[in-house]
Amino acid sequence: MRKGGPFNLSSHRLDPLIDGIFAVALTVLVLEVKVPELKNPSSARELLDAVGASLPLVIAYFVSFALLGMFWVWHHGLKDKIKRIDGALLFCTLTFLALVCFFPFAAAVFGRYMIYGNVVCLLVYLPLVGLILALQLLYFYLAMRRGLILDEVTPQEAMTTHRRNLYSLAIFLFSCTPAALIVGLSLALICFVCGGLLVYAGIRHRSR
Amino acid sequence: MRKGGPFNLSSHRLDPLIDGIFAVALTVLVLEVKVPELKNPSSARELLDAVGASLPLVIAYFVSFALLGMFWVWHHGLKDKIKRIDGALLFCTLTFLALVCFFPFAAAVFGRYMIYGNVVCLLVYLPLVGLILALQLLYFYLAMRRGLILDEVTPQEAMTTHRRNLYSLAIFLFSCTPAALIVGLSLALICFVCGGLLVYAGIRHRSR
Amino acid sequence: MRKGGPFNLSSHRLDPLIDGIFAVALTVLVLEVKVPELKNPSSARELLDAVGASLPLVIAYFVSFALLGMFWVWHHGLKDKIKRIDGALLFCTLTFLALVCFFPFAAAVFGRYMIYGNVVCLLVYLPLVGLILALQLLYFYLAMRRGLILDEVTPQEAMTTHRRNLYSLAIFLFSCTPAALIVGLSLALICFVCGGLLVYAGIRHRSR
Amino acid sequence: MRKGGPFNLSSHRLDPLIDGIFAVALTVLVLEVKVPELKNPSSARELLDAVGASLPLVIAYFVSFALLGMFWVWHHGLKDKIKRIDGALLFCTLTFLALVCFFPFAAAVFGRYMIYGNVVCLLVYLPLVGLILALQLLYFYLAMRRGLILDEVTPQEAMTTHRRNLYSLAIFLFSCTPAALIVGLSLALICFVCGGLLVYAGIRHRSR
């Protein structure tokens, strides 16, 4: 069954690990919402205030949950079009999972300091989301290059998926441009130009 | 195999994620029962008192475990009657899972402050349980509306399941009515009326 | 496929939940071994002492891991002889899982206070192990009573398994007798007599 | 289906537990990277410094993630060549999993104190990695000895896999030799000699 290198796995082999890591990461997200410590544990007003104060954290939790959930659906959508996983794709998947596990930390920093208007927390959160998006793009691009796409998937379909990945990353980069201004004009320009290049790559693929 | 939109999954595709999230949420529940810190670690009496003091937390843990276990059995019962999961059902499931992950926080707040008679903790716990019940109801209702029920399940069986969902939520709302009085008479009335409407909807479906 | 009550599941349906909960509980066990906080982080001697001081915790961790691992193997061994899970067995399994999730707490209390010779921690650990053993016994006994044993398993084989469950609990109770003396002679007597009754029940089943 | 002792499982039976434990251990790794506590939560500079200060921890996290990921791939590679798991292999696997669960602790100690140049943390991290490697070697060696290798795998292939395990452990021991000098010359010598013996064993197997 297995041929080629030592890292030649069926594409469904990694599924339990991926699902397990997402399940834990999604649950760990909420651990940042801490049970409030009250000075007077029987005071209704104090508990109400404490619960109200953790509302921004709760909203940040649901946003991060939605993002991670979207990544899960997206990754499985891509993986369903792939027949085998070789060394390069395995490396992509493990790096992707490492970043997913890192997500609760970024979400916690974001939820804790965004309410104080501390924009530095965006510099942890946004690059992480960007890296995850870029890895998804790379994952599918490598699968296309290495002829690992399922035979049922036509080249046009594969190319459409690839173009959608390109546009997703481009949209993300464009929407990051204002946030990149925090660091400096040059980073904002880099974001904008990279986004433009991705759109251009997508359009060029289309015309072929 | 896959047809229609990009979110057209087999109903068993989400199973590992659902089971994983429940497994983690159920285990995280108990993390709230903290190991007591003793001033004199070799004092038998002190440890006995500390363990005794965490008894309400232990009871709260078993109640929450039973509730989450019931949700797991219930959700799988509903999902077994569904053939495919489209975008709307996927959204329902992910929101359901987000609330399940949130459950350990609510259970911790409940376990910590209920013993002090602080009724505000009910305002975190009960709405969460209510939302989970409402999402289960919505999940199956959408599946019925969108013709995603398995062919083996007769319309009568599906309707019976839907009615049982309606009555469960109604019973929950009725039993919440006294607790809603904490906030005010108007909320209690809303609970009571909503419960009544659900019972009415269930009866109307029956007569058809 | 499904017949009878609403809780009539294939015996493999609970597998992902059981495996997931064991996986999390086994990993959570080690969280009690805390990273030591040093006054002088670059002092080799201080770190060596701190790591040495957590050695009893590490040993307690491996003992608890072995116990939980044994429960996992045992439960799957019993479950493999069962064809369907009805309401009573589902309840047994969920209670068993609730106790398994509770295990890391008991192991943490045990590991923290046993080194101080505080015997009270045995009063948390041993009853929990005993309850888990008793639930396994009950689980298989109910399956036998309700005719849910697989047809491939002969009544003799089923009875041998049941007798082994009886003897395991009896051995546990006998070995607990000295520990029960901490609380009082009466509890030790109860342990001893219950163990004897279980051995008697096992022998009586044999002669039939 | 099952024959022989009570611990005669299909080699895929342990998969969900292994995948679950790895999923949790990988996610728990990152919990050591704590959200920084700022004196002035709205200070951009302070947050930037705090995030920068946790950079060594982040790098340690990715190194440990890569190591654990490699162990996962490796263990599944070995297990795919095995047809059944008997008592000895089950014991090996559970011990392997116990060490995997212990990995986040070692990684946390390493990440926390390596930056202070405290070499004692290597005495926690490296023996753990070595033990995991040795257990993998033992696992496959026992499977070969007990005739549990799949029939599709030729003896030459099995021997090649075994030799690769031997060389991996040897390379690890050679690279540990300098670190063993911290404790003393004798430990370094032991490491070096053991590595040499493993290489010799590998070469002797080859010539056969």
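Per-chain residue numbering starts at 1, and chain names A, B, C and D are given in the order in which the chains are listed.
Basically, a contact is a pair of C-beta atoms (placed from the backbone, for glycine too) under 8 Å apart; a residue touches a chain by one contact, two chains touch by 3 or more.
Values in this document were obtained by computation on a predicted structure and should not be read as measured data.
For the self-contact between chain A and chain D, the two sides draw on mostly distinct residue numbers; the shared fraction is below half.
Between the two copies, chain A and chain B, the Cα superposition rotates by 90°, quoted to the nearest 5.
Taking the mean Cα position of each chain as its centre, C sits at the greatest distance from chain A.
Separating the centre of chain B from that of chain C, both taken as means of CA atoms, is a distance of 28 Å. If each chain is reduced to the centroid of its CA atoms, chain B and chain D end up 39 Å from each other. The set of chain A residues that touch two or more partner chains comprises 16, 19-20, 23-24, 28.
Chain contact summary for the complex, chain C toward chain D: residues 15-16, 19-20, 22-24, 26-31, 33, 35-36, 38, 41-44, 47-48, 51, 58, 61-62, 65-66, 69, 72-73, 76-77, 80. Chain contact summary for the complex, chain C toward chain B: residues 2, 6-7, 13, 16-17, 19-21, 23-25, 28, 32, 90, 94, 97-98, 101-102, 104-105, 108-109, 112-113, 116-121, 123-124.
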